[in-house]
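Next up: the structures, one after another.
Two complexes come next, and they have one chain in common, subunit A, joined by subunit B in the first and subunit C in the second.
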Partner chain A sequence: MGDLLRVEGLVKYFSTDQGLIASRLSKKVHAVDGISFTVRSGETLGLVGESGCGKSTTGRCLIRLLEPTAGTIDFDGIDVRALKGRALQEFRRDVQFIFQDPYASLNPRMTIGEIVTEPLAVHRLGTPQERRARAKELLDVVGLNPEHINRYPHEFSGGQRQRIGIARSLALKPRLVICDEPVSALDVSIQAQVINLLDDLQDQFGLTYVFIAHDLSVVRHISDRVAVMYLGKIVEVGGWQGLYDEPHHPYTQSLLSAVPVPDPAKQRTRERIILQGDVPSPIDPPNGCRFHTRCPIAQDICHHQEPELRQVAPDHEAACHFAKPFPIELAAVAPGTEAADAV
Partner chain B sequence: MTREDKKLHDVQSGMEGPRDAGGHPTKDERVVGPILPGAGEVAARPARTLWGDAFTRLRKNKLAIIGLVWVTIVIALALSADLWVPRFFAEPTFTGFGSLEAPSAQHPFGTDRIGRDVFSRVVYGSRPSLSVGVLAVSISLALGLILGALSGYYGGVLDAFIMRTADVFFAFPYMLFTIALLAVLGPGLQNVFIAIGILGWPSIARVFRSSILSVKENEYVDAARAMGASDLRIMFRHIMPNAIAPIIVYGTMSIGGAIITEAALSYLGMGVQAPTPSWGSMLSEAKALMIPAPWLTIWPGFAILTTVLAFVLMGDGMRDALDVKMKD
Partner chain C sequence: MALLEVSDLKTQFTTRDGVVRAVDGVSFALEEGHTLAIVGESGSGKSVTALSIMRLIPDPPGKIAAGKVVLRGESVLDMSDADVRAMRGDRIAMIFQDPMTSLNPVFRVGFQIGEALRIHKGMSRKEADARAVEMLDLVGIPNAPHRAKDYPHQFSGGMRQRAMIAMALACDPDILIADEPTTALDVTIQAQILELMIELQQRKGTAIIMITHDLGVVADMADDVMVMYAGKQVEYGSADAVFYSPQHPYTWGLLDSLPRHDIDEKGTLLPIEGQPPSLIDVPPGCAFHPRCPYAQAVCRETCPELREIEPGHMAACHFAGTDSLVRGRVATAEGEVR
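This part shows the complex of A and B:
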């Protein structure tokens, strides 16, 4: 299958100060600092990382909710950053977004029917009756009762609201859907239902997903390929099987070792990589490899030379000078300190 | 699907294509079961509007209803005065009665110094008060909403300019500024509308701006932008309806404020001119006779007090009623 989305050197800096002059002089938050990836048609790319690593910023740049500072975004041969006017509207039909917070992403003053039909109204598709009929179909597709079309969002639970958001994103029959942590605001029991729904919809409508999450186990279920981000960079990317079975980057390895194992005996005895310290500030990211301040296997070279993504296995790249399969040497890890944040 | 294919598949085609004919029974059971308990038992219900819902909630607030009823009575009296006052009471400007008569069956509120019926003057005095309240606040609303919306939605230099202008307005003592404006425009009811209206916009613009600033951070605004909605659509469909509640409350309450300002201006002789009655000018005329003829101050004062209070109570009730998240 061909590439549907190709991102090359995407950069997004935010100013720390406002105002015409101050914003140019102030320090920049390096939210996304030169990332490249491709998404093939029909597949799901999982984008994983800690809070603040730039994954949501990446998602918002992809649909031009934020204007990237540099880089190219190529969607099916279209230069997304250059789009204007009608062409941008066409693009917005093809690419939809599912938001993280099901409480904030639905307008409380609009009925479910109005919310789901709004994309059609914006793009002037169909008559009001046809839109309404379509909204009922969509509600049915996402597993909601079409009779509830006249209700307001506050009458629904979080999981139901997320389904409404999904129905809205499907109204225009998009080809690419960016899911920005669509389940992280939901109860664990509801998470699985929503993920299954997204999975079913992908099969049904041939959707391509960019699935942003901070939970590796969530991403594992839905992704074909996974990209791991750290401080605005992609540190490792590859097919999920390879990445989960043989993570090459020490950061990915530490993330995976933080995922609990559903077996108490194994859970107690298994080795965990515990990261030291906090994520450095993206205002002033470390020189060389960004991970060297917390990396258990960092050497001199990591302090001044930034590693590029390089192939470590078929369909598997890692950005580490010492990339090698799990498990890494744990000699450098100080014992008995606080647990790494379960990411 | 290629781009061209997609355009052919329009809304009309619905979703039959990709969906299997028999539906998706197993998936539906798995997905719907636990989170839609008794989905079937909830019947479809008619579309309810924002205002319909708000009215249902408003009805449960006794104080707000008292306010609403009083405002309705005052408006009804003001509008219908010409129909019944001349028949049963004297014209408000007729001077043929005895001077300073105490309240009686013929003159329920007594008469004033030059023999005019106070009751009919209080009834007619509601006209300038109400029209100032409504018209002046409409002018403030029109200016304040537009400027506040521009300021809050676009931000940047425009926002700075509008807000600094508002600060300049705030820097002047309100009453002094009104009087100065009237001194330029000349006294009279029409100029009172304009003066109060022009001076009222900064607070409305500020309230609306801050309300918009908080509303536009919501993800549903991003969602609308991501689907390609125009600025106007985002403003009117998504931001306005969610940002307007404080304005309705503030607007209702400032009607009360405008009535007080009109009374004060008329009291100072800058507003409604004699012999047309207004509550403020009646108080002004009565100020020397407060002890010998208290009815001259009590009744117009009572009218101002209750009417302003009624508007404030109504505004307060609306604030609660317009909150969609409140349980009904």
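This part shows the complex of A and C:
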């Protein structure tokens, strides 16, 4: 399948001063700092990384909710950054966004029928009757009772509200949906309902997803390919299996080893790589490789030379001077053997 | 005698819509140096259980309606207010989910950690300050003497959480109650904090009650696990028993709805269908029956008692441990599904 979305050198800086004295000396938040990736038609690209690494900013730049500082975004041959007027409107029909917070993202004064078809109203599509019919259809698609069309958001649970948000995002038959932490606020049992729904809808409508989340297990489950971000950079990207089975970046390795798995025997024997310190500030990111301040294998070169993303296996790239398969000890190992080897 | 014994605890809130039975008959025992994990869906009564033990239920609207909480033979629910204040922070300390709610923004971090020591241990300002620095150092805050003089907003999220742990552990409590201590944190920071708690427990023999919805964290930390649903205990046992031979269909649902990255295949997620019940209008019979694929007539009528299925392993399900309840096998009129 061809590429639906192609992102090249995407940069987004935020200026930190609010006043009028915007000087060239003012510090900038390097939220996204030169990332490139592609999303193939019909696939799900997962975007993972810790809080503040730039996932949401990336998602928002893709649909021009934010204007990028630099870089190109190509959606099915269209230069997204150059879009204006009608063309931009049309683009906004093709690309939709699902927000993290199912409570804050729905207008409490609108009925769910109105919420779900709001995009149709905005784009002046259909008669009121047609919109009502479409609202019922959409509610049915996401597993809600179409008879509830006149109810208000507060009458629904968190998982149901997230379904309402998903129904709204489907109203205009989009081709690409950016899902920003769509299940993070939900209980596990409800989370699974929404993940399965997103899976079904993808099959049914041939949707392409960019799925943003910090939960590595959720991302692995839903994604075909996965990009791992750290401090505004993509440090590793590839097919889900290669990336999870054989991470080639020490950050990915430590992330995977840090997630506890629901299996007491595995947890008792597992090697955990505990990273020291906190994520550095994106206002003043470290020189060289951004991960070097916490990296267990950093060498001199990592302090001053930034590693480029390079291919390490088929459909698998990593940005590390010392990229190689780093073992993930999910099975039992004697403490201090494999991990010592990796370091 | 166990360090802490809770029996048949019932805590209720009177609201405009009716009485919320937030905790409805919970019992467990906690031994020294052990970790009990409490898991369950949002609103199932985990925090209220913890707050009841600490006697921190706001009254009104809340009230501990029945039950016993016994700490080293002493009844907590019968203590005078002064005794409860002396217990809190000294013998039982709690880490709250949101560190900003328990760190006061206008006082320096070191001063706040020292406060409990001045109150409970009668330390001088100077002694308490020195001990606060020691505690910050212990929880891995770099350059602790310096950072103790910072205000909470100058700390990152992970550092605040560590400061909270330092505060909770300053007086060497017998019991540490941690309510979702790592939920707001990134996984690499979570790993640091969990490691820290395990280390301190091994060194000091602290008992821990760990409230979480993360079954990975439970597998990592817990000796015993209590699963709650709608204010009731539905399963209780050792971590190995609950993970490897779970007995209650709700526990099965929790385990089966979890995506896992430690298993080769991407299995299908089996969500628990339906929605958690309202605690004002709890379904009659077993509260889980409307969502339970195995439910039968009796489940709609009679609330199952918590009973022992295997030694030390209890479940509250009419059919737990019987041949008519087999995980993944639902008998229907059309035959078996799943």
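The definition used in the following text is that the second predicted complex is superposed on the first by the 321 of 343 C-alpha atoms of A that agree within 3 Å, B and C clash if a C-alpha of one lies under 4 Å from a C-alpha of the other, contacts with A are read in each partner's own complex, and residues count from 1 in each chain.
Assume a contact is a pair of C-beta atoms (placed from the backbone, for glycine too) under 8 Å apart; a residue touches a chain by one contact, two chains touch by 3 or more.
Given the structure is predicted, the values throughout are model-derived calculations rather than measurements.
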| query | Between subunit B (first) and subunit C (second), which does A:47 come into contact with in this model arrangement: first, second, both, or neither? | reply | neither
| task | Mind telling me which of the two, subunit B or subunit C, contacts the most residues of subunit A? | result | B
| task | Classify the contacts of A:112 with the two partner chains as first (subunit B alone), second (subunit C alone), both, or neither. | result | neither
| Which partner does A:190 reach: the first (subunit B), the second (subunit C), both, or neither? | both
| A:80 contacts which: subunit B (first), subunit C (second), both, neither? | neither
| message | For A:157 in the superposed arrangement: first (subunit B), second (subunit C), both or neither? | response | both
| message | Touch test for A:141: subunit B only (first), subunit C only (second), both, or neither? | response | first
| request: Mind working out whether A:166 is in touch with subunit B, subunit C, both or neither, as first, second, both or neither? | output: neither
| subunit C-contacting residues of subunit A that also contact subunit B | 157, 159-160, 189-190, 193, 196
| request: Write out the stretch or stretches of subunit A touching subunit C in their complex. | output: 50-51, 157-160, 187-193, 195-196, 214, 216-218, 220-222, 244, 254-267, 272, 274-275, 277-279, 294, 330
| query | Along subunit C, where are the residues that touch subunit A in the complex? | reply | 41-42, 142, 156-159, 186-192, 194-195, 213-220, 222, 239-240, 243-244, 253-255, 257-262, 266, 268-273, 275-276
| field | Residue ranges of subunit B in contact with subunit A within the complex | value | 1, 3, 6, 9-12, 14-15, 18-19, 24, 27-28, 30-32, 34-36, 39-40, 42-48, 50, 157, 218-220, 222-230, 233, 237-238, 241-242, 324-325
| Considering the complex alone, what residue numbers of subunit A touch subunit B? | 20, 60, 63, 65, 76, 88-90, 92-94, 96-97, 99-101, 104-111, 118-120, 122-123, 125-126, 130-131, 133-134, 137-138, 141, 143-145, 147-152, 154, 157, 159-160, 165, 168, 172-173, 175, 189-190, 193, 196-197, 200, 204-206
